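Consider the two complexes below, in which chain A is the common component and chain B and chain C are the respective partners.
The block that comes next holds the complex of A and B.
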């Protein structure tokens, strides 16, 4: 505005917009969407960089692990084994990590996750595409079942608080949530699979029977469900207790709210009060928890998938770590990071849909 | 509304204009330490279009009493004695005898209750209009056009901007706006009785003023009766046509506003009125009632007020005084009404 002289006609002296880069950036950053995307990108970059160097600090690299394997299994000398390993892997253990990082990031920016180190020719992205759906399916199904069932039971406990039903369910949910899920997995395998022989442990390995042809047939879907049954059961037992107790406490809090009492005084039916007044408000904090849990789908599946030989992304991660397959590990970590970031974003959006009080200003 | 259900009890002891008759109502709360006698032998009539104020200290049983009229007492409470007769369109029924569905429909369409702390009276995740529609639908009124028209009309009546409030969420309104919306919601179904439990406690003095004005106007237009619960005596005096003083779960004095404020005969009423600060009075003349409200698990013998009463005699410690009518419509339960009247006159001379 300093350039504007009062005597000059407006058209000629159109104020030259003074361009301040910082101002511009600040205004740009004030935009909700821009800010959210920027934060997400920074998070993803930070995690990639951190894990990149961290996994290279782990004792042993892919070549050494393979050398060990060859020396032990095939009685090779160290030199023989080393030259074999070095010729098989597209990995130079002596290259500086910084050079590797620059190269990796360069590829990543072009959307290329690279090739697996230990099985050359296999693209990491293909591996992820092959294993990830199974994990999303099994853990997602488990989460859905335990969330719905847990929230329902929690509501019942709150309505019947301090009765026999409440005490029994509280005890059960405490026990369920106190024991880690892989212990439940082991117990199910040993008691029902090995001792009682209710199911054939060998037959249930993998994501579907080898004799099946994948396709949208009823038979194949049934087989898939059969194989997912045990991991899903374990995911449910491991997490349902937490959902029940959370929902119980949240519902008890909501039942004490004035607006629930007023709703009764208004003569609303109990089903309307349960759904729109108690349930709707009591489940709000549950959705935050749900979103956080979605982020942990992959991380939480590692041990369980390994235990049940369920070929999902978790067991793939376990295998890559044991082989020190840096690129594969890196790829899975990237997926984990993205899923955490995206699920938190979804939680924000979902929450603002459910609770008008946190709706972003300017949004109708 | 109530005409649709078959009456189980028809009593014709009620006078024409009486719509609520409470007879010898006793309520106890069952607690681990014993039964708390929250109200004992309470009787009064509420007439059509009148405003009755219940005044008394916190914990005297005012709220318990009003909750029993819509059967919303907590689970630990039991009605041990008495009747609550309600009359509409010539049919009289005992509220305590209604079935669960009957009482649900009775609530709000016959007797609405505006609770204290209305700040949280609305469900935060539903729009105000949805909560109006919910209420109407629960009582069989589903005509959307009618609901909308009625809602907007009532918003105008409580002096809110109808267009603005209609689509609003509760958190988008101020405390005063929410209180007015709740009053509008209260009369949505044209009830005969509106119970107001400390309706202005959480509001600033100007908003209180506005709410009271709105209430008076609404009552004039819609001709409902009000049960007004308050410990704000000035407010009670302004709103009510009749006042009942409640002490330790009993009505100790009842009468017209003039009876209670200028011709009171019970020492507790005297104490309440003398404990209101006045600009014209010296600070040291402000009187308070010594002691605390009694423990209602083991209430004092005789007159429950005697441990705190300056006029108490030996008789008061033994015999509970009956509620006696001194002038038409003015009842008091005290053995020493003469002394109270003398003290009142002496105090008035000082002022």
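The block that comes next holds the complex of A and C.
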């Protein structure tokens, strides 16, 4: 970065200063990392703007939802309910969306996600901090297991190509990847939970037992794992098939490459060929897929978390959508978008670490 | 081919449909080599028949039967008589001129339908209070007011078999060996309605919507992908930017918001919505395929001859990636199914139609999910959806192997 300091233009008498600024910016933008980060920021801004107006176009607003609730549950008249709702919420349904947008972006630039509309006094960032870790934990664990296991099995399939093992695993992975993950969840719940009673469905709700006190005790960690078991199992069953098939196809492609044949001819040990030649190259396309999958699974966690009553960000999003809690919804969309963008960025960077060819062409 | 029908242009660039049929030609040959693909194909054929013809064969069961809530699979009508009459009444014909007690099948009303409706036999019928009136009915039978009672096997079993304490409330009554009517193969739901009929009817809208959504998504992807790759420049930049943006927004949550926004009253809107959010992955794949195809000599020749973008896309590029597009169309359909059923399961789509997804939604919202007695109500649609998805994917995978020799398992 040091080479980009504008020392040279300062020495010459600059005729138009703005030209140098533009030139400087252009050179700055030519940097691969800068460009990637700039694109990521633009993407995040575009998503915020898009979702901001979208969720305000939804029929019904937080006040109306609450008014409905009050009229149905407490038999209030519309006027009573409305004045109660209006006084309770720090939200003016009549303010123009553009004003709201400018205000929101102003706060956002200061790192402030605002307050939840339906539960005043609760900051959205606190809500997210409360729910997001559980989703990161369960989705992350599920992805880690399915990715490792799937890549290993996929490599085995490729090495044992056209054998009974390959055919069986191919069939299993097709079936696993075909069925939606929440359908697996329902099956597991009904067959093993309700019918066979291998576990108590009611006890496994939530992220940890209400009797537990959170802390770094072995007991608490065990309880957390027990509650995360079902969602993690579903994330694994839902995505392992894809990893297996992709890794298999990718490895088969790599095994046919000349350099693998040369490595064999040089008499390298098969474990070295597997790790340094085949595995490394075959797993490259998997990292791009991983980035896409993270977004997909976090998005899909809405259904899984609702199904298992697991209080993560997905179930929080579902709640805020049904309550039309704009600021909470907006915050969750922002967080999920950032996680997708960041995982894409990381996949890019990882890719360039693993594949020198990308690094070279990227820096050109 | 005779000289008169010889068309040189056609020879060089096969028409879109020609290549489609050509690919169908080797299709049967390849399926024979791939057993999993065969299973998938047969599965899809079964689903096609089921969805198209099934609804005409099995009428939709909308009758609420409060006496027959959540009966297990295999339940059917049976005849109950007093022990001493067991050898006398063994079939409906034996009841000619006798009195038969039948539970009201409309539920909650005090009226009972004449038995002719289900038995097609002229017998004198008594009217009984219905709903949970099984004990009352059995009492009347025990007291001799009626000669036989027709009940569902499940309800009969509940009262006539001895409980764990060894007590039988009706020692004088017995199920005669006559089983009447067709069985409820999949049991009944929480309102006593036949689940099988719901499974038969519940697929049509779902599968059609998924197919339409998959078709639209593939179409958008092909058109935009080919345009981005062939026109390049601004078009490419804009299309790619939009694709990346749509890929970044968490699509399922966005779908939930949009579903609430648009008030999806018809399946076509839902299909369009799903398509609008699912095209980018395929579009990027097609763009890179077209980018490599456009380097080929015949495409460059077509450009040099200035044959027009439409001609180049439809006649030069597309026929060469038909298999790729066809496979991805199938995956787009399964993806659409995922989104669609997920939305319905969460209750985000207005319920116009009693589909498999709606059955799952009711399973969740009415708590039957957690009742051991009503497993059939949720498991049936779950299995129907799962098998459809599996058939689609097995079929697509076999197509994939067929067209990509590198993946071919059979030597």
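Side notes on the structure shown:
Heads up, the rule we're going with is that the second predicted complex is superposed on the first by the 335 of 364 C-alpha atoms of A that agree within 3 Å, B and C clash if a C-alpha of one lies under 4 Å from a C-alpha of the other, contacts with A are read in each partner's own complex, and residues count from 1 in each chain.
Throughout what follows, a residue touches a chain if its C-beta (ideal position, glycine included) is under 8 Å from a C-beta of that chain, and two chains touch if they have at least 3 such contacts.
This structure is a prediction, so every number in the text was calculated from the model and none was measured.
Room for both chain B and chain C is found when the two structures are superposed via chain A, with no clash between them. Panel annotation: after superposition on the shared chain A, the angle at the CA centre of chain A between chain B and chain C (CA centres) reads 90 degrees, nearest 10.
Legend: residue contacts after superposition of the two complexes on their common chain; A:168 is shown touching neither chain B nor chain C. Within the superposed three-chain arrangement, the count of touched residues of chain A is higher for C, of the candidates chain B and chain C. When the two complexes are overlaid on their common chain A, residue A:180 makes contact with chain C while staying clear of chain B. In the superposition on chain A, contact is made by A:55 with chain C only, not with chain B.
Applying the stated contact rule after C-alpha superposition, one finds that A:99 touches neither chain B nor chain C.
With chain A fitted onto itself, chain B and chain C come no nearer than 8 Å, counting C-alpha atoms only. Chain A has no residue lying at the interface with chain B in one structure and with chain C in the other. Only residues 43, 46-47, 50-51, 54-55, 57-59, 161-162, 166-167, 170-171, 174-175, 177-180, 182-183, 186-187, 189-191, 194-195, 201-202, 245, 249, 252-253, 256, 292, 295-296, 298-300, 302-303, 306-307, 317-318, 321, 329, 332-333, 336-337, 340-341, 344 of chain A touch chain C when the two sit together in their complex. Here chain A touches chain B in the complex through residues 257-259, 261-269, 272, 276-277, 280-281, 284, 354-357, going by the rule given at the top. Only residues 70, 72, 104-109, 112-113, 115, 117-126, 134-135, 138-139, 169, 171, 182, 185 of chain B touch chain A when the two sit together in their complex. By the touch criterion stated above, chain C contacts chain A in their complex at residues 36, 244-245, 247-254, 256-258, 260-261, 263, 281, 334, 337-338, 341-342, 345-346, 360, 363-364, 369-372, 375, 378-379, 382, 385-386, 389-390, 392-394, 397, 406-407, 409-411.
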